[in-house]
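We call the chains A, B, C, D, E and F, going by the order they appear; numbering starts again at 1 in every chain.
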Amino acid sequence: MPYVNIKVTGGREAPSKEQKAELIKGATDLLARVLNKNPATTVVIIEEVDMDNWGMAGESVTERRKKG
Amino acid sequence: MPYVNIKVTGGREAPSKEQKAELIKGATDLLARVLNKNPATTVVIIEEVDMDNWGMAGESVTERRKKG
Amino acid sequence: MPYVNIKVTGGREAPSKEQKAELIKGATDLLARVLNKNPATTVVIIEEVDMDNWGMAGESVTERRKKG
Amino acid sequence: MPYVNIKVTGGREAPSKEQKAELIKGATDLLARVLNKNPATTVVIIEEVDMDNWGMAGESVTERRKKG
Amino acid sequence: MPYVNIKVTGGREAPSKEQKAELIKGATDLLARVLNKNPATTVVIIEEVDMDNWGMAGESVTERRKKG
Amino acid sequence: MPYVNIKVTGGREAPSKEQKAELIKGATDLLARVLNKNPATTVVIIEEVDMDNWGMAGESVTERRKKG
């Protein structure tokens, strides 16, 4: 019955449909393997966050990416 | 003063403006009825999640819907 | 398949077990009524937040409650 | 290592890129000042919520704004 | 730079310290493998939810567990 | 009407009541200053996360703190 929320950067860094499917499968398997959770009721929600909206170390990812 | 966050599938399954208004009203009423919470300070946020980004039972809703 | 997260104040204001059951039932019914969502896969998570940890209008609920 | 999530109304009320940068900087500084948290590992995520999807006092912000 | 939030039932079903470490490692590895995300900046937060506070199919996990 | 959620490590690193009040005041002021948001309807929720439940770089904060 676990609930997993994954936030990643979107836009040009957004995961493809196939990658999202892998994340869903991988997170569900992880909960089944480590905690024996039932995959049937495991929920995974992926959120894509604009790079202007994600900050680390006091600046946006947009700015961080520019610096390489 | 409660805070309610409702996540539902978006895209072609997205709620209409009227349905969103009903969810907001209904969730606010629920908190007032059960816990006597003040509607004036009850916050409701609805998030629409792309069907590729929502997984259950190890696969995306997109895949689940295909199977009917 | 909706996911509902309800945050309310805890401590001496925490909902009873019966009230939590009513919130779970009420939120699940709301999604079924308004959006025709399947109750079987509707998840509701209630979080109780300490009154020192919840702020509104720039001060904690603890302070607000003192003022009545 | 703190994680800060800021939800604000989007659409025509959405913050500009510069305002987002200020929010990220400001939240990171706040955690450093009050709790001596390391800015390098402070994460800030800003989410813009459609005005139809945000409710207060039982109605959407869209409706509230109409009333002024 | 991903952020992963995992909610599981707590109390007598709470994961052990070792299991939590496995979840953190596993989620970080998943993001590195599928999306090539840098493990150094991947954040994982595990939340344990009381079984009275988690509902599915309109009733709490406490009630569901009684029915087996 | 913004909503701010701040997650920090708890336990022996938990903020004091005074520090929580400063975070609430500071976050509310930040939103008022940058986006001209009304402090009266700004909500701030602080969550304290156990150091075993918070991971970064693939290991828990508990482990990271041991290494200094």
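By our rule, contacts are C-beta pairs under 8 Å (C-beta built on N, C-alpha and C of every residue); 3 or more make two chains touch, one makes a residue touch a chain.
Small disclaimer: the values here were computed from a predicted structure and weren't measured.
Chains that count as touching both subunit E and subunit F, per the definition above, are C, D. Considering the contact criterion stated above, the chains in touch with subunit D and with subunit E alike are A, F.
One copy, subunit B, sits rotated relative to the other, subunit C; on C-alpha atoms the angle is 180 degrees to the nearest 5. The chain with its Cα centroid farthest from the Cα centroid of subunit E is D.
A separation of 25 Å divides the Cα centre of subunit A from that of subunit C.
Measuring from the averaged C-alpha position of subunit B to that of subunit D gives a distance of 20 Å.
The distance from the centre of subunit A to the centre of subunit E, each centre being the mean of the chain's C-alpha atoms, comes to 14 Å. Residues of subunit C in contact with two or more other chains: 1, 3, 7, 23, 27, 41, 43, 45, 54, 56.
Viewed as a contact network, the protein chains fit none of the simple shapes, being neither a path, a ring, a star nor fully connected. Inter-chain contacts occur between A-B, A-C, A-D, A-E, B-C, B-D, B-F, C-E, C-F, D-E, D-F, E-F.
Chain contact summary for the complex, subunit E toward subunit C: residues 7, 49, 52-60, 62-63.
Here subunit D touches subunit A in the complex through residues 17, 20-21, 23-25, 27-29, 39-48, going by the rule given at the top.
Contacts from subunit C toward subunit B in the complex involve residues 1-9, 15, 19, 22-23, 26-27, 30-31, 33-35, 37, 41, 54, 56, 61.
Those residues of subunit B that touch subunit F in the complex are listed here as 1, 3, 41, 43, 45.
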